[in-house]
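Order of writing sets the labels: A, B, C and D. Residues in every chain begin at 1.
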Amino acid sequence: MATTDTGRVEAFSDGVFAIAITLLILEIKVPQGHGAAELWRALGAQWPSYFAYAVSFLVIGVIWVNHHTLFVHLARVDRTLVFVNLLLLMLVSALPFPTALVAQNLRNGSAANVAAAVYGGVMVGHAVLFSLFWNHATRTGHCFDARVDIAAARAARWRFEVGMVVYPLTVGLAFLSAPAALAVHGLLAVYYAFNQVKVPTLP
Amino acid sequence: MATTDTGRVEAFSDGVFAIAITLLILEIKVPQGHGAAELWRALGAQWPSYFAYAVSFLVIGVIWVNHHTLFVHLARVDRTLVFVNLLLLMLVSALPFPTALVAQNLRNGSAANVAAAVYGGVMVGHAVLFSLFWNHATRTGHCFDARVDIAAARAARWRFEVGMVVYPLTVGLAFLSAPAALAVHGLLAVYYAFNQVKVPTLP
Amino acid sequence: MATTDTGRVEAFSDGVFAIAITLLILEIKVPQGHGAAELWRALGAQWPSYFAYAVSFLVIGVIWVNHHTLFVHLARVDRTLVFVNLLLLMLVSALPFPTALVAQNLRNGSAANVAAAVYGGVMVGHAVLFSLFWNHATRTGHCFDARVDIAAARAARWRFEVGMVVYPLTVGLAFLSAPAALAVHGLLAVYYAFNQVKVPTLP
Amino acid sequence: MATTDTGRVEAFSDGVFAIAITLLILEIKVPQGHGAAELWRALGAQWPSYFAYAVSFLVIGVIWVNHHTLFVHLARVDRTLVFVNLLLLMLVSALPFPTALVAQNLRNGSAANVAAAVYGGVMVGHAVLFSLFWNHATRTGHCFDARVDIAAARAARWRFEVGMVVYPLTVGLAFLSAPAALAVHGLLAVYYAFNQVKVPTLP
């Protein structure tokens, strides 16, 4: 059988999203202090960890929402979609790594720029894979359910491709200011939370 | 579409709760000893870790129960609710951090008070977000299912707002006695386990 | 409402079981060696970790199977059952700790006995909570579904109580031989895998 | 009851797969650098970790797909299948360990061969357990649903047994070249992603 039902792929993907988002906290080191002043100072010095945690939590949360919106409109998946989805999950699961990389290097001079650029690079990977996913799904349209307006869906490819322009810019920005690049990732997540990907449907 | 079905948001949230509660154990260090006496001593010295584990397990377990009770009465979620829920999950996922912070600093003099105050602060955040969630849900009531008595639900806002009074008190208590503050979080969880949030329904 | 539907409690519990069982691997340290001989030696020296991993995996797997068998026969849960179940999950989630404790102390002379006794103590806790769960469920029987033979279920309490005799014996055995005690936990799991708890049903 | 419904076993298994695949990232150490050059160098030196992460992600992802394909055709499971499945999950959950072992020893001379051989050995274990699972399921066929062509399913045993020839070869290859052995595991996963196990069905 060339295609399968989406239910299990979606449930598995949701599990990976939920786990990846919850593992983020493990990357924050737990400081110890011999007294109140020392512990406050140690907690304060870790602000990059809290910042990176909040940004990546929003990023994964919003990728999950958009992933879900796409799958709602698929009636079945073929092997290419399963494989592209697996690569997408590989990058989602990887996010705790660039998150911790940024958190632990944000105050290390020029190392901060490298860390933020790696973070941006992982996000470029997400944009590329989402675009591949959408391009394949809209090529023949045989995986969509009957409600979807396939011609309009194909015409909406640019909405996914725009990510392949925006995310490389965050890599560039990382070399100017690492905290600014991280903040932009957070703002993009908030933006997408309220302006979700829309799959065009027939009237 | 301005609203979506609650099923997936709830399943995702449940996943995050289950993972966060299970990750708590990873924060307890595994002691080694060269003989029985040394290992007993090392195990005994870790009582703050066992105490903090038990309290946070009850806290997350009971937040889960209450979160579930709210969602049972929602027929749909709008974007604001999805976003507030995501912030709520961000704090739930974060709980292993203040838990370990308290566990590792409870015997460090005044650092214990700081750690317990941070723990209390995270719980204040929970109270604020639950209250925001309920206020938004009851404002128009368009997300509730038909059984819910919306006027009564709106009148019950104070039940959520009471948390915004009680939890700041635990922050104050943390500066008097860190173990007492932690014990109060555990007792509040047991209290809420048997006196759950109730969503008023029509007769 | 004094009782709720079991679906969500069961799904949440299953999540906790799946996570706890999968986290076990994180407690095994990854050895490094400068050459083949050194790495073989380091891998071999870790046999207590592999042994403890396999035993605890079977133990959690089989507790999951039995937990599931009980829930299949419940039509609803009251607050006491929810609370006892939460305490049970607290012990299940905690199992990676005694597992690592045994693994890391099994070759430390008399510390091994302490570690195995702690492991046994956690299993005594499981037996006590399963017994409490069953005693409460069979007291009035109002949570069971209609198929269950409540009188026979009440008469079967001893099957759960037997655990409160057997598991304390593993604590005693731990002081004679820690590896033997661990092996007995593994054998009990295999035994229960093939001789599961049975809930008596009406003809 | 000698057999049970597959739903819960499958959901539990899926949870374990999703968690094991997502935990892989925790085994990659987060490098710190005092400047850009140092951090680039540290990131580059970790290529074995990225390589091992990608291979194991594909491996677990594809085992999940095949596991799912088998379960789709089972209408029920008996205790032997539950037990063999539990052993299979034990090996799936264990994969983060050989993955990290390879990652951390790939540049340690002959230790790399040992690590890759251990990885291959765990994969041999998977092949053996999948073969046991299939042999037991096809022996009487009483667990399959009505669509399955049991005689053809029995005749297809060799397709599972072929793994017991191929995977030992990767153990041998590990002693010639550890990176080549790892690459072969990745290629086999990609191969199986597009040429999945097929369960013969009746016309």
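Here, a contact is a pair of C-beta atoms (placed from the backbone, for glycine too) under 8 Å apart; a residue touches a chain by one contact, two chains touch by 3 or more.
If you're wondering where the values come from, they're calculated on a predicted model, not measured in any experiment.
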Query - Interface numbering overlap (same over half, different under half) for chain A and chain B - result: different
Query raised in the report: If you fit chain A onto chain D using only Cα atoms, how far does it have to rotate, to the nearest 5°?
Result: 90
Report summary line: Looking at Cα centroids only, farthest away from chain D lies chain B
Report summary line: Per the C-alpha centroid definition, the whole-Å distance linking chain C and chain D comes out as 26
Report task. Indicate the whole-number Å distance between the mean C-alpha point of chain B and the mean C-alpha point of chain D. Result -> 37
Query raised in the report: Where in chain C do residues touch two or more other chains at once?
Result: 15, 19, 23, 26
Report task. Based on the touch definition given at the start, go ahead and assign the chain network to line, ring, star, complete or other. Result -> ring
**Report entry** Pairwise chain contacts under the document criterion
**Finding:** A-B, A-D, B-C, C-D
Report summary line: Counting only contacts in the complex, chain D reaches chain A at residues 14-15, 17-19, 21-26, 28, 30-40, 43, 53-54, 57-58, 61, 64-65, 68, 193-194, 196
Query raised in the report: Any idea which chain D residues touch chain C in the complex?
Result: 8, 11-12, 15-16, 19-20, 23, 26-27, 79, 82-83, 86, 89-90, 93-94, 96-97, 100-101, 104-105, 108-111, 113-115, 118
